[in-house]
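To keep things simple, chains are lettered A, B, C, D and E as they appear, and every chain counts its residues starting from 1.
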Amino acid sequence: MLTALEWEAIQLSLRISFWAVFISLPFGVGIAWVLGRYNFPGKSFLDAFVNAPLVIPPVALGYILLVLFGRTGLFGRVLEDWLGVSLVFTWEGASLASAIVSFPLLVRSIRISVENLDQGLEKAARTLGANPIRTFFTISLPLIWPGMLAGITLAFARCVGEFGATITFASNIPGETRTLPLALYTVIEMPGGESAALRLMIFSVVLAFIALFLSEFLARRSRKKFRSN
Amino acid sequence: DNLHAENKGHENKGNLVVFAAISMINALENLAEQFSRSEGIKVVTVFASSSRLAKQIQFGAPAHVFISANVKWMDSLLDKGLIEKNSLVKVVSNKLVLIKPFHELDYAENHENNIIEFLPDKKIIYLDSETNIFEMLGEKRLAIGNPDYVPAGMYALEALKKLGLWHEVANKIAPMPNVRSVLSVVERGEAPIGIVYNSDAKTSNKIKVIGEISHNDHQNIIYPGAVTSDAPPIAHKFLKYLLGYESQAIFSKNGFIICSNNSSEVLELKC
Amino acid sequence: MINLEVEARTRLGSFNLDAEFHALGGEVTILFGRSGAGKTTVMESIAGLRNLSDGKISLGDRVLFDSCAGVNLKPERRGIGYVFQDARLFPHLTVRENLLYGRRRLTLQPYKGDFNKIIDLLDIASILSRFPSTLSGGEMQRVAIGRAFLSNPDVLLMDEPLVSLDDLRKDEILKYISQLKDIVSIPIIYVTHSVDEVLKLADKVILMSDGNVQASGTPNQVMGRPDLEPFVIDGAGGTVVDTVVDFQDKSHSLTNLAFPGGNLLVPRIDASRGTHIRVRIRSRDVALATVRPESISVLNMLGVKIVSISPPRGAVVDVVLDAKVPLRAQITQKSALELNLNEGMEVFALIKTVAVEGQEHV
Amino acid sequence: MINLEVEARTRLGSFNLDAEFHALGGEVTILFGRSGAGKTTVMESIAGLRNLSDGKISLGDRVLFDSCAGVNLKPERRGIGYVFQDARLFPHLTVRENLLYGRRRLTLQPYKGDFNKIIDLLDIASILSRFPSTLSGGEMQRVAIGRAFLSNPDVLLMDEPLVSLDDLRKDEILKYISQLKDIVSIPIIYVTHSVDEVLKLADKVILMSDGNVQASGTPNQVMGRPDLEPFVIDGAGGTVVDTVVDFQDKSHSLTNLAFPGGNLLVPRIDASRGTHIRVRIRSRDVALATVRPESISVLNMLGVKIVSISPPRGAVVDVVLDAKVPLRAQITQKSALELNLNEGMEVFALIKTVAVEGQEHV
Amino acid sequence: MLTALEWEAIQLSLRISFWAVFISLPFGVGIAWVLGRYNFPGKSFLDAFVNAPLVIPPVALGYILLVLFGRTGLFGRVLEDWLGVSLVFTWEGASLASAIVSFPLLVRSIRISVENLDQGLEKAARTLGANPIRTFFTISLPLIWPGMLAGITLAFARCVGEFGATITFASNIPGETRTLPLALYTVIEMPGGESAALRLMIFSVVLAFIALFLSEFLARRSRKKFRSN
C-alpha cells in the first residue's frame, strides 16, 4: 500500500517530530511555569522571544538557523569543535527546526493551565510536608496535564507539518530530512504528481489524527477521574 | 544504517550527493538512477530552489554536484571558492513560454475579451511588441515567477520590458514564489495566462502552451552545473554523464533545450 | 511538650493583623472571633502560607519565622497539619491517596495515628476509592480532617473543621481531638464560632477582633467576661470544672465526680476511679435556691457562696459563685430581687445532671 | 401561598435517592440528616441542576419537572434562590455585582427585599467593592446569602448557609429568615446539622437518611422520636410551644406569654400584646418537682400531668408531659425513681426563664 | 525611518491579521466550547478537521484553498456568482488563508480554558435567573477571557508570520498581499538582501511583541481583579 518512499517519509516525520517535542517539553514546561506564575522585569521580553518563531516566517527562521548552526556559525562551530556534532543537513537539525517553530504553541497551552492552577492545592501539599519538587510532580503536574497534553499535541502536529525552516536549514535529503511535507513538495513538481501529493497529505492528516485521538483519549481518562458527572 | 551514524555532517562517503534545482527533478531522478546502476554507486539527489541550495552549500552542505537554475547563484559560490571553477559546464538551456489553462475554451465563453481570437487553430505565437497582453488578461492577472528572485520571473520581466509590454502589465502581474505556483494558478484559471519555462509547461497536462518568447529578448537561460571543491572524482564523471547524448535526449524530452556547446569545455558564465 | 509562640503583623488591603499569643503543647488553643477577625490569616501565617511583614513564630526551640533574623521556614519544614476552611482535597487523587499524601513526611516523633482508627472515626471507609468531586460537603470535610491527622504533625491547625458535620459525629471527633492532644502533646490551634466547641475543647481561648487579640486565657476567664458580650450568646458561656472520678453508680448509669466544692452526678462516663474529668457547666443551666428544695428532679445541689452579682443586662444578671472553684449562674433580675440575693450569701446551686457534660482529661 | 411538592428519584454511583415530601409556602422546611444522606442532591434536583431519573416537582400549579410528562424546566425558569453549600461567588465580579446579579430576574410578585436592609443585616457594607478572592470564609457565606435573598425567588433553597458565622450573626439572620417567610410566604427549604437551628426555624422537619425520607412532621414530632436517637444529641431536642404575648413586665425586662397550659416568663421580646410568639423549650432544660419548690430562682413552674415515661436510655429517661400542649422533660432515671414518678401523676415542670427562647411568629 | 514599502507591508500585515482573527473568533469560541464541553460521536473527527491546517504544510494548504476558493472551485464559484467576490490574489484571500492556518491555535487555547471552567458558577448564575445566553456572556466568557486572549494573541502572531498559504493562494502582490513575511521572503531570496531582511524581521517581531504586550496587559488587569495577592 505504502511505497518505500512514503514509508520513509512517515517514519522520518514521526522520528523528527517526536524528538522535537520530547526535547523541548521540559523547557516548555519550565518557561510556561515562569511566565504563568511570576512577574519579573523583562517578562515581556522573554514572552516575545519565546513567541518570535511564530511571526518570523519559517524560511527566514531556517536561514537564521543556518547562520547560527552552520559549520561556520556561532553555535555550529562550538558544537562541531566540542562535541563533533553537526546539525545542519541532519535529521537532528530538522528536529531542532521543528522544535523551535512549535515551541510557542507548546508554551502557550501549558501556560494557560498553569495560570488556571489552584495554588491553594499546592499550599495544602506543602503543609503536608511535600517539598516544592514533590508538590510539582504530584500535584501541579497532574493538574496541568490536560493543558500539557494539548500543547504536546499541538506542537507535534505543527512539527509534522513543518516545512519552510526544515527545507532551508536541513535541506531535502531523502532518508535523512525528507519528511512528509518535503516529500509532498518534491512530488508535486513531477508531472501527475497531484495524486502522490494527495496521498502524502492524507498521511499527514492521519498522523495528526492519531496524535489528536491519542491525546483526547488520555485527556478524557484523566478528566473523567476527577470531574463529577 | 550506520552509514550516517559514522558520518554526522554527511560527507556521505561512498555516495554521490547531487544538489539540483527543483525544476530538474523529473529528468535528474531518471538520470541519477541510470548512473548509479551503471556505476554501482548510490546517487542521492536533493532538490530545492537554487537559491536555497546555494546558501546551504555555502554553509557546508555535503553536496558533490550542484546544478543551478541560473547563473547568479552559481557565481556566488564560485566567488566563495566553494566549487571547482574548472568543472563548470552548461548542462542544459531552457526557454520561456506563454501558457493558458487547458479548458480555456469552455471558460472563455463567459467573457467578452476572448483571447482565443488571437490564436487561430492552436498556432503558437511569438510574443512581440504587438501582442495585446492587456486584452488577453481582461480583469485578471498575469502569473509569472516573482521577478525579484525567481529566475523564470526575472527573464520574463526582462523580455516584457524589452518588448515594451511591461507598462501594460506592471500592475497586473501575479508574482508567484515558484514555477509550480504559476502553473497551479494558471491551471485553475485564476490567471488566464502565465509565463513559465518550457520544461515546466511539460509537467502539467492542465495547461497548454500558446506562445513562446524568443531567447533574443532576454539573457540566455542556462542551467550551469559544477562540482564542489571537495568532491570525489566520480562527481566529474556524473557531470560529464549529464552532458552525454542519452542524457541530453532525456532533458530534451522533459522540455529543456540541448546546449549548443555540448562539451565539457569551461563556460564563460557572464554572457 | 512543644509550645508555639506567635507574633504576627501584616497588612491586607485595609485589614491590619497584629496578633501575639502562645499555645502550649498538649492543649487546644481556640481562636475565637467574629467573621473577618483575622483567624484564618493567623493560621496561614503559622503555616507559612502567608508572608508576614513583621513578627516571630517559634515552635519549641525551632524558629519558624523571624523577620529580624530573616528566618522564614518553608511550609513543608514547619511540621504542621492544616485543616483548611475549605477542604482543598486534591481532585486527581482518590480519597485514600489524599489521606496518605502526608504520611511520607519524616517526623521526629514516631507515628501515632492509626489509619484504620481514623477511617473508622471519620466513617469514610466506604468512600476510600472515590474521587473528591463525588463527595458530599461533609464527606470532603471529614477527609480533610483525616488527611491532616494522618500527616503526624508537630502542630495541628484546624480552621472550622466541623462545620458540615452532624452533632453526633462532631462529638466523636471532638473527643478524638481531646484524646489526641493528650497522647501526642502537640499544640492544637482550633478556629470555631461555636461556643459549644469552645467549652468542650478549649484549654485556652484567644479572642480575636479586627486583627488583634482582644482577650486570652482559660475558657472561664474569656467566656465569662462581660465586656466580651457581643461575641457570645447570653448564657451559652459557662465554667469548666476539673474533677476526678469518685465512684460509679452502675444501677443508674451515673458517675459521681469529686471536686473541691463537693460532688457532681453526671451521666455515666466510662473511666476508672481517680481519672481526671473536665466538666463544663453552662451558666444558664445553673439555678439558685435559698433553701434546699425537696422532691425535685435535680440531683446536683451544691452549697455555694455568692461572690458577685453583675448589674442587670436586659432580663438577666450573672452571678459568680464560690464552690471552692468558681461557678457561674445566669438568672433573671426578677429572681435575684425576689430571692433577695446579695454578695456573700450562702445559697444552693442547682444543676441538672443531664446538663453537665464531662470529658476525660489527663 | 405557593407549595412545593417534591418526588425525586435518581442514582449516583452506589447512592440511591428516593425522596418524597412537600413544603408549604410561608414555612421553613428543614432537611435534616447525617452527612451524605442526600440533602444537597435533593436541593439540586429542585433547582434543576441535577437530572432525575424519575419523579415530579411542582411549585404551586407550575410543574418544574415531570418525568412522565417530559417536563423539565430550566433552572432559570424555576424561580429559585439557592444558597449553595460552597459559596460559589463569581470571582470576576465585585461583591456588589454578585449581590445584584439576580435582580434582573422578572418576577411575578413584586420585589420585597431591600438592598440596604440586607446589606445591613449581613454586615457587608464595607466589602461591597471588593472581589471574592479577598474575602474571609464567613464573608463569602454572607454574600452568597445576600445574593440569593436579593434575587427575589419563589422558593428559597439554603444549604447549610450559616456554618461559618458567629452565633450573634447567625441569630440575626435566622430572625430575618423567620420574618421573610411570613412576609413573602414562599417555601424555604433549609439544610442544617444544627439542632439549634432546627428548633429555632423549623415549621416542618424532613429527616433524611441514605437517600430516603426517614420521618417528617413538625419539629416536635420529629425531634422527639426516640427511634431517631442516632440523629439527635441527647436532650438537645425539645418542644415548641405557640404562645401569645400577655403583658410586658418592663421593670424586669420580661415578657409574659400565655398559652393553653398557663403562662411563661421569658426575657423581654419586643412585641405588642396579642402577638404570636413561638418558644422552644429543650427537654434537658425542664426539671420536675412533686411539690412546688420555694425560694428558687426558677420563675416558670407549670402544673403538668405525666403522660408517659420512656424506658431508660443510659442515665436518662424522657418524660412526656401534658401542659395542655405537649411538653418534654429529660431527667435521670435516678430522679424518676426517687421521686417515684408515674404516668398520670401531677407534677410541676420547672423551666428557667433564661433557657426559653422566643421568636415572633405570625 | 520606514521605507514606503515597509510601511505598506506593515499596514497590510496588520489589516490582514486583524480581520483573520476577528472573523474567526466567534467560530473559534463556538468550536472550542463544543469540543471542551460535550462528548458526541464524531468529536474526534471535528477535532482532527479543526487541527488539520497544522499538519498540512501551508503551501499545500494554499493549493487546497486555490482548489476550493478559486473561480472554478466549490466555494469560489458560489462566492463569485452570489456575491461577486473573488478571494484569489486579494487581501481578503490572504486573510482567509491566515485565518485557516491560525484557527487550530485559537481553538486550542480557548478550549483549555473552557475545560477549566467551573460549571458550578454557571449553575449558580442559572439559579439567579440568567438564561444560557446571559450566563455565557456574563459568567463563562469573562472567566475564559484569559484563555481567549492567549488564543487571540497566538493566532494573531501566527497570522503576522503566515507565509506559505498566503503566497500560494493570494500571491505576493505589492500593496495587496505583500505582507511582512512575503516582503521578507522576497528580499531574503535576493542576493545581498540580508540587511533589508533583518529590518523586516525586526518589524515582525516588534509587531508580535506589541500584540503580546497588549494581551499580557489586558490579561494581567483581568487576573489581578479576581485573584488575591
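Convention: a residue touches a chain if its C-beta (ideal position, glycine included) is under 8 Å from a C-beta of that chain, and two chains touch if they have at least 3 such contacts.
Computed from a prediction, not measured in an experiment: that's the story for all the values here.
Asks: Using the touch definition from the top, what's the fewest steps needed to get from subunit C to subunit E?
Replies: The least step count works out to 2.
Asks: Identify the chains adjacent to both subunit A and subunit C in the sense defined at the top.
Replies: Expected: no chain.
Asks: Report the pair of chains linked by the most C-beta pairs in contact.
Replies: C-D
Asks: With chain centres defined as mean CA positions, report which chain is farthest from subunit C.
Replies: So the farthest one, by centre of C-alpha atoms, is B.
Asks: With chain centres set to the mean of the C-alpha atoms, which chain is at the far end from subunit D?
Replies: Computed centres place B farthest from subunit D.
Asks: Could you state the distance in Å from the CA-based centre of subunit A to that of subunit E?
Replies: Each chain reduced to its C-alpha mean, subunit A and subunit E end up 20 Å apart.
Asks: Using mean CA coordinates as chain centres, what's the gap between subunit A and subunit D in Å?
Replies: Each chain's C-alpha centroid was found; their separation is 60 Å.
Asks: Could you put a whole-Å number on the gap between the CA centroids of subunit B and subunit C?
Replies: Chain centres of subunit B and subunit C, defined by C-alpha means, are spaced 91 Å apart.
Asks: Roughly how far is subunit A from subunit B, going centre to centre by Cα mean, in whole Å?
Replies: 35
Asks: Would you please write down the residue numbers of subunit B that are in contact with two or more other chains?
Replies: In subunit B, no residue touches at least two other chains, as defined above.
Asks: Please set out, as single numbers or ranges, the residues of subunit C touching at least two other chains.
Replies: Each of 12, 86, 134 in subunit C touches at least two other chains.
Asks: Residues of subunit E touching 2+ other chains?
Replies: As it turns out, subunit E has residues touching two or more other chains at 63, 185.
Asks: Pull out all the chain pairs that touch, please.
Replies: Listed in label order, the chain pairs in contact are A-B, A-C, A-E, B-E, C-D, D-E.
Asks: So in the complex, which bits of subunit A are touching subunit C?
Replies: Touch list, subunit A to subunit C: 120-121, 123-132, 134-135, 138-139, 142-143, 222, 225-228.
Asks: Would you pull the subunit D residues touching subunit E in the complex into a rising list?
Replies: Those residues of subunit D that touch subunit E are 47-49, 74-76, 78-82, 84, 86, 88, 90-92, 101-102, 104-106, 131-134, 147, 151.
Asks: Taking the touch rule as given, give the residues of subunit B at its contact with subunit A in the complex, in rising order.
Replies: Subunit B residues touching subunit A: 4, 8-10, 17, 22-23, 25-26, 44-48, 52-53, 55-56, 59-62, 180, 202-205.
Asks: Which residues of subunit B touch subunit E in their complex?
Replies: Subunit B reaches subunit E through residues 49, 51, 72-73, 76, 107, 141, 143, 146, 148-150, 173-177, 181, 184-185, 188-190.
Asks: Looking at the complex, which residues from subunit A come into contact with subunit E?
Replies: Touching subunit E from subunit A are residues 39, 43-44, 47-48, 51-52, 54-60, 63, 104-105, 108-109, 111-113, 115-116, 146-147, 150, 153-154, 157-158, 160-164, 181, 184-185, 188, 197, 201, 204-205, 207-209, 212-213, 216, 220, 223.
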